[in-house]
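Encoded as structure tokens, here's the structure I'll be asking about.
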Amino acid sequence: MYSNLIIDLMQIIMLTISTVVVMMTTAFKRDHGLISGLTVFGLFASLLTFVFIQPVLPLEATQLLIIDEYSLFFSNLIIVGAIGVALLAYPYFQNHNVQNEEFYILLMTATLGAVVLACSNHFVSFLLGMEMMGVSLYAMIAYPVHAAKSAKFPLEAGVKYLILSALTSGITLFGIALVYAYIGTMGFDEIPAALEAAGELGPVFLIGVLMIVAGAAFKLSLVPFHIWTPDVYEGAPVPVTAFLATVSKAAMLAVTLRLLLVSNAIELNVVTTVLTVMAAVSIIFGNLLALLQENVKRLFAYSSIAHLGYLLVIIIAAAKIPGALSVEGVSFYMLAYFVMSLSGFAVISALSNSEKEYDQLADFRGLFWRNSWVSAVLITVLLSLAGIPLTAGFIGKFYIFTTGVESELWFLLTMLIIGSAIGLYYYLRLIYIMLQPAEDDANDPAAVSLPLGAHAVMAAMTAAIIYLGVYPAPMIDTLQSLASAF
Amino acid sequence: MEMPTVTMQVIPMEHGLLLAAILFIMGMVGVLTRRNLVFILMSLEIMLNATGLAFIVASSHWGQVDGQIMFLMILSLAAAEVAVALGLVLQLFQKRKTLDINVLGEMKG
Amino acid sequence: MLDLLWLVPVIPFIGFLILTLTFGKLPQLAAGIVGAGSIGLSFVFAFLAGSSFLGAEISSYSQTLWTWMSVGDLEVGFTLYLDGVSLVMMYVITGIGFLIHVYATGYMSGDPSFARFFSYMNLFVSAMLILVLADNLALLFMGWEGVGLCSYLLIGFWYKDPNNGYCARKAFVMTRVGDAFMAIGLFTLFVSTGTLNIQEAMLEAEAQWVVGSGVATAVTLLLLGGAVGKSAQLPLQTWLPDAMAGPTPISALIHAATMVTAGVYLIARTHVLYLLAPEVQYLVGVIGAITLLMAGFTALTQSDIKKVLAFSTVSQIGYMFLALGVGAWSSAIFHLMTHAFFKALLFLTAGSIILAMHHEQDIFKMGGLRKDLRWSHALFLIGTLGLVAFPGFSGFFSKEEILATAMENHDGGYILYLAGLLGAVMTYLYSFRLYFLVFYGKKTHDGHEVMGLHLQGPLVLLAIGAVFAGFIHIPVEGVFPEMEEHHPSVMAQAAMILLPMLGGLLAWWVFVKGKVDTEKLAGQGFGAKLHRFWFTQWGMDWLYDKIIVTPYTWLAEVNKNDFIDSIYNGSARAVRFCHEVMSETQTGELRWYAISIAYGLLLLVVLGVLL
Amino acid sequence: MILVWLITILFAGGIGAWLSEKRNPELPRVIALATILLDLFLVVLMLVAPGVLGLDSASQAELGQTGEWLILSSSEWIPRFGVAFIFGADGLGLLLITLTVFLGLMSLGSAWNEIKERTGFFYFNLLWTLAGVIGVFTALDLFLFFFFWEVMLIPMYFIIAIWGHENKEYAAMKFFIFTQVSGMLMLLAILMLVFFHYQSTGEFTFSYFDLLGTAIPDGFGFWVMLGFFIAFATKLPTVPFHNWLPDAHSQAPTPGSVILAGILLKTGAYGLIRFTIPLFPEVSADFAPTAMLLGVISILYTAKVAFSQNDLKRLIAYTSVSHMGFVMLGVYAWTSQGVQGAVMTMLAHGFSAAALFMLAGGLQHRIHTRQMDKMGGLWGVAPKMGFMAVFFTVAAVGMPGLGNFIGEFLVLLGSFRISIAAASLAAIGMVVAAVYSLIVIQKVFHGENKNNLVVEDLTTVEMICFGFMMIGLLWMGMYPQSMLNMSEPTLRSLGVLFFQ
Amino acid sequence: MSVLFYGSAIIAVLATLLVITRTNIVHALLYFIVSLLAIAVIFYTLGAPFAAALEIIVYAGAIMVMFLFVVMMLNLGQVTQDQEKAWLTPSVWIGPSIMAVPLLVAVIYAINLNQEQMAHTVVGGKEIGVALFGPYVLAVELASMLLLAGLVGAYHLARK
């Protein structure tokens, strides 16, 4: 029993140990390479523990955490993302003239928070996971604040994220409090029974749920809680942006979906309506905002708003169709989006460093002819984001359409099509710019030596995009089995 | 062991929650109106504190421990958050010689 | 030898291919030999096939080369069909065609695009042969369109002058209007009878259709539309004078004497249908009558030698239509044949005159040429006499038949007869006006006869034809319904012969004696208006320009950028605008961000409370 | 498997061409040529001696199909959704594959001397487009079909965006967005269809054969059909979805225009014939009058717009829309003549439009303009070009004896049976076609050579290409039966109305 | 007891109101501490003495003092105070305050339950301790990591 518990928590334990090891090492020897290597190693070790965890699934590790295939999938995804971020961070901070080592500690704690969030089955662990990730992220976003010549506006981004995030954390917590006040339990899976005992649905409960939704929507950057996204994406160092776009979203999504499905909240009329409105508006606003964006990081930020809107469609579909298909679809889309984003930010990161980021559209002019490989990766990402076949994005979009059709969400599907149409414009615009002949320009980002780690990330993620797009069957099987729990 | 039961006068849970809500919204208004970063942080603390209150009220209603545990967690969260936030306050002041958050408006569009 | 029939249209086509694909690299002599020789060879085969056909004493012969298209119930073979009528047409086309080609080798010699010219000519002959030999209407349509194409190419032959190009396009488009009608006619016929084979369709129609029924009327009207376009009859005749822009005068001949008879041939070929739609048949006659008069008047006012001849052709085809309208099928074909001889003679002689006059075509700048150009004078006179149907000349026999039939025809044929008679007067008038103006009067310019066997040789042969063709018996019995023999009274015959001669006298009186000042007459007051009216073909061109061409070009110009495009561009602009507006919300101000989140929360909570 | 090979060879050849550029910029075109020739060889083998390739009917039986399918193969892909690799070709498919490979060769010919920059990537895109198109013509799983539908789009986008002319960004974007958005509608429709099939049978499948005859709940049929229709009508294109075409065609480099006009448009028509109508027979029948009307409007409206264009390529592009109007008309008449005519129009237009674009492209390459008012009198300097222009223009006008005539004639005949008005109006198209076509000859080749343009006449490579296309058009015009026979069994199996 | 509750509630609200309206940071902090103390009293009335103690020790004692340190460190003087006055114009606060009203109304409407009463039990430190090291043991561990993250972050950011 206990041994099983330990095995179950192995990933979390490994992450914790690695964090401590990294911290201790930092205390004795500040060496960027060593620390980043240790971090990557620690993360890898944590990732690999899933081999041991797999056979003993599913298990509730106390009432706080549940480790099942679903959470394991997301944990793995999160750790992979963290490895990617660590690999990107090393070259990015290489020339950063102040201490870099804390970044890795923060990365570890953020990852730990994300994993906890993904596994959480209780509002306490939800809070802890979310805040562990959040607090680490405040510092990570503002990390280069000391540098004499920092690439962007880390301070501004940090403060913005901190205040807005704290504000919404407060809202979420208050929502949790209301829910708790109404039903008297904080475990996700106890909610339906408690609700039944409470009799009819009180507005307190509904408002509490909606406040929790608001908090989740903030982290997922859904309209109207999206507004921080572009500024923070832009101001944060690229690896952190990558973390925000991938790990943070995946973790939050995992827990939100679990909460909505396990508590049956998705079947509440109010929740469905609110989510529908959010999805529609996110799709349209996100795409509209991205339309003529000149900064690639902001462009990705806006497009992430739209993509999370797409994702929401699958979640909403769960109200009418078996939750399993919905979970399968969400997981796939999240996986696809995760891979695409990581790959995209890897490209930007590969071209950038902590003193200068190449994230203007103009910086990408002619990239295809100067550095075909990097630009091919970015083109693949953009096409995938646009949902073109041969890429993971297409299968993801296929899931949206399938679930949308099955639950007859015609309105959202219409929005989806309109949004995608607008979306095509800016993805193609960036592709077009890369394809044009380069102007003679001293600021040649491709001249920056491309580090091995970034290449590895790009290669792995691109391979994943194509593989998932061309032969998704094995992954679909996996997701199908993990979704069967719902 | 039996818990010591203290008979208290009846206070409806609504009133507790109401107080929490009022404090919460006051904190929120503070966040929205102030321009000084420290005030904003204080307002955020008010909000957090109000949620803590709400948990205590709820836990009292249900006679459970869980709400108080949550309060503890909120406490530690507040501590961690404030620590980082004050770090940022220092940086802001150091860099801009002001605590006005309106100077942090360089990214837009 | 009948099975060599397919070679008749194919040989000219091969000639065309050779001439085209060498892209002008062929020396002129070789090009001439290929160009004219292919037609000659074709004539030989036509003659061989024709004589064995006549010898075999069969009413028709068909040769299927391959299945063209077979789709569902549509069965169209690449099948040649020979009977009396197509035999006559085949002879005319290859025979006269050969003479024209020979003449052209002389006429066109030295032109830089010599080979190109002959390639078009060969293609023309090939298409024309397919037209007349077609066993079904689809194949006929192929020839029909083919000659139209060649006409386009020949009119625009001298491409450097944009006006030629314009005329060519006009001709093509206008005949295409007719073709479109004809195509619809074919479809109607097919849907109604289930076949496009001419003979079968006619049998089916006879069996199925009621006389005067809607479908019969529709089909015949539509086919008439095609015929009218190709044969330059009212109201689609206006392209023809412009067609004279082509190389003088050979292409003119193509247009004026050969291709335009296709309409006559079509109606004659499908006469059974017309018999089932008597009103339409009568309409054919009426169109013929009006056209022949109108063209007559117009011819009277023209000053270009080629245009006078062109309008005379229109007028003569009007006669043929008139003949068709009164049921004188064989007479129409007969007149077609005789007309081919004398009109070819006239055109080619006119060509000689033009050559002699150094490419001067204005008849008012000629005059008194009968001494200088003896050959041309004699030949032209023969042609003119044929044209005016002077007794004993070929035209006389055919025209007399037509008028006689028209007179005897009781269903309104009498009016047609009178129109025909008036037309005959007009014919005399304009023909001799031309003749007198060119060969009599004051001599203003010198001309030197250009001599050569390939110039005069064909002319002489044609002249012989123009005189004696009237004695040829065309083997069309069995093709057309038996016509009763017409024996008009002596008086009527005399009137028919003598009355038109008044026109000749008038011409002599006016143009040789100079009794009337034509310039004054045409230059002032009502005369001027009338002249103008006649000269411009009764204002038809103007009318078309105003009601079709101008509105169409205007419409096209107005919508040059395709207004549907602006719908899409407009929505793109709208999206862009939305983007601008949306971007304003991203102010970068933290407080505003916080407020927006608070409002979002408010929205959610209100929604939660309300729902 | 042979079909898979056809596609794979092109994919592989494309990659090979791309990689070989580093070695020698001349190499990619040679590789592309070899690739296409290899494909052509296989196609010819399929046509002439199917036995050699071991094309058997065993696979047909396996899929429960008989008869018309010449080649059929299937294997699993995404079993979760019943998605499978089902490739098949019947007479119609084979005709269109042949057209594709042949015109691929032609476009290669036009690229041979024109594309000098970034050759590797160019030929990569060229070959991948072809692969996508062949995929479209052979895929019998709707998912797979959609997959290829999009695959042919991307390389084409690259071709326009990189090698296009002055306004390429706009054109490429428009092209992409139009096709992609309409494609999404189709995806939606496909999924609805699959879902309805799932509802009635409890089985997820995208197989064309299984989806035929799916019972669709009342009220939905029309919308599902419309999703397909809009996608195909956009590709075809039909007014009012045609606006991407003039821009894309005029801005694309010559080989791109050739492929666009010659092949890509045909996928729309193919989709209508293969999918839209057979999958939704009743709804389509109700919808047919509207579609025919759209066809007629396309014919007349775009002919009028074409007439006023000054940009040569744009003009030809609009005429393409006009011609595709005939296809729409014929297909929705759904009679044997109408559909056969549509097929013939597709084939013949593939040749004539491709040739005209090659001419226009050749001219632009030589005198660096597409504005017709800057040309004139070119016959004198380039008679071969002039001849070719006349030939292909005349073909486009619908001269009997050439392929286009057969198509238009049959379409008109076939639709006449269904709607006299539509066919009669469309017949006016014959007249207006003459109006706009001849103006090209007039403005470009006739008249004085005002600007003293010196134009090099057609090169040998070009002459060979044009020669092939001439022969092709003549063949189609004189002996269309060879093609009609191939497509007939297909149409019979698709339920086209055969009057006997 | 209820007098204590309502009295403290009023004090808490008033003190909080003062916190968000003061211009002098130190004054505001002091009012905040007052508010916290009042809330601690409320906790006590609700039967949560342990929480009440923590409220005072951790919140008022530690967190607020941290604030105070920073304020002192930055040495914000009269200038800042004047600035605050200038910033806090009605045009700035009216909007959010008005927005707050419907929000409050909605929440009040929502939490208007059937006058459910709060429990009569006191949950003391011992129970909490048992729970913390029983079912919530992981939470404690995780909270430590949370604090670690805060620590590292603050350490990094607060560096000169």
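Some notes on this structure:
We call the chains A, B, C, D and E, going by the order they appear; numbering starts again at 1 in every chain.
The rule we apply is simple: contacts are C-beta pairs under 8 Å (C-beta built on N, C-alpha and C of every residue); 3 or more make two chains touch, one makes a residue touch a chain.
All values derive from a computational prediction rather than experimental measurement.
Following the contact convention of this document, C, E is the list of chains adjacent to both chain A and chain B.
Listed by label, the chains that touch chain B and also chain E are A, C.
Ranked by separation of Cα centres from chain D, the top chain is E.
Nearest to the overall CA centre, using the mean of each chain's CA atoms, is chain D. The chain with its Cα centre farthest from the Cα centre of chain A is C. Comparing the chain pairs C-E and A-C, the larger number of C-beta pairs in contact belongs to A-C. Centroids of chain D and chain E (each the mean of its C-alpha atoms) stand 71 Å apart. With centres taken as mean Cα positions, chain D sits 37 Å from chain C.
In terms of their C-alpha centroids, the spacing between chain A and chain E amounts to 31 Å. Here the spacing of chain B and chain C, counted between their Cα centres, is 97 Å. Within chain A, contacts with two or more other chains are made by residues 124, 128, 131, 135, 138-139, 142, 145-146, 158-160, 163, 167, 178, 181, 203-204, 206-207, 230-231, 425. Of all residues in chain B, those touching 2 or more other chains are 13, 17, 21, 27-28, 31-33, 35, 41, 57, 59, 61-62, 64, 66, 69, 73, 77, 80-81, 84, 87-88, 91, 101, 104-109, listed in ascending order. Chain D has no residue in contact with two or more other chains. Interchain contacts (touch definition given at top) occur between A-B, A-C, A-D, A-E, B-C, B-E, C-D, C-E. On the side of chain D, the complex with chain C involves touching residues 174, 239-240, 242-243, 246, 304-305, 307-309, 335-337, 340-341, 377, 379-380, 383-384, 387, 390, 394, 399-401, 405-406, 409-410, 412-413, 416-417, 420, 423-424, 427-428, 430-431, 434-435, 438-439, 441-442, 445-448, 478-481, 484, 488, 498-500. Here chain C touches chain B in the complex through residues 583, 586-591, 594-595, 598, going by the rule given at the top. Against chain C, in their complex, chain E makes its touches with residues 95-96, 99, 102-103, 106-107, 109-110.
Taken together, the chain B residues at the contact with chain C in this complex read 28, 31-33, 35, 101-102, 104-109. Residues of chain A that touch chain D in their complex: 369, 383, 386-390, 394, 397-398, 401-402, 405-406, 413, 417, 420-421, 424-425, 428-429, 431-432, 435, 471-473, 476-477, 480.
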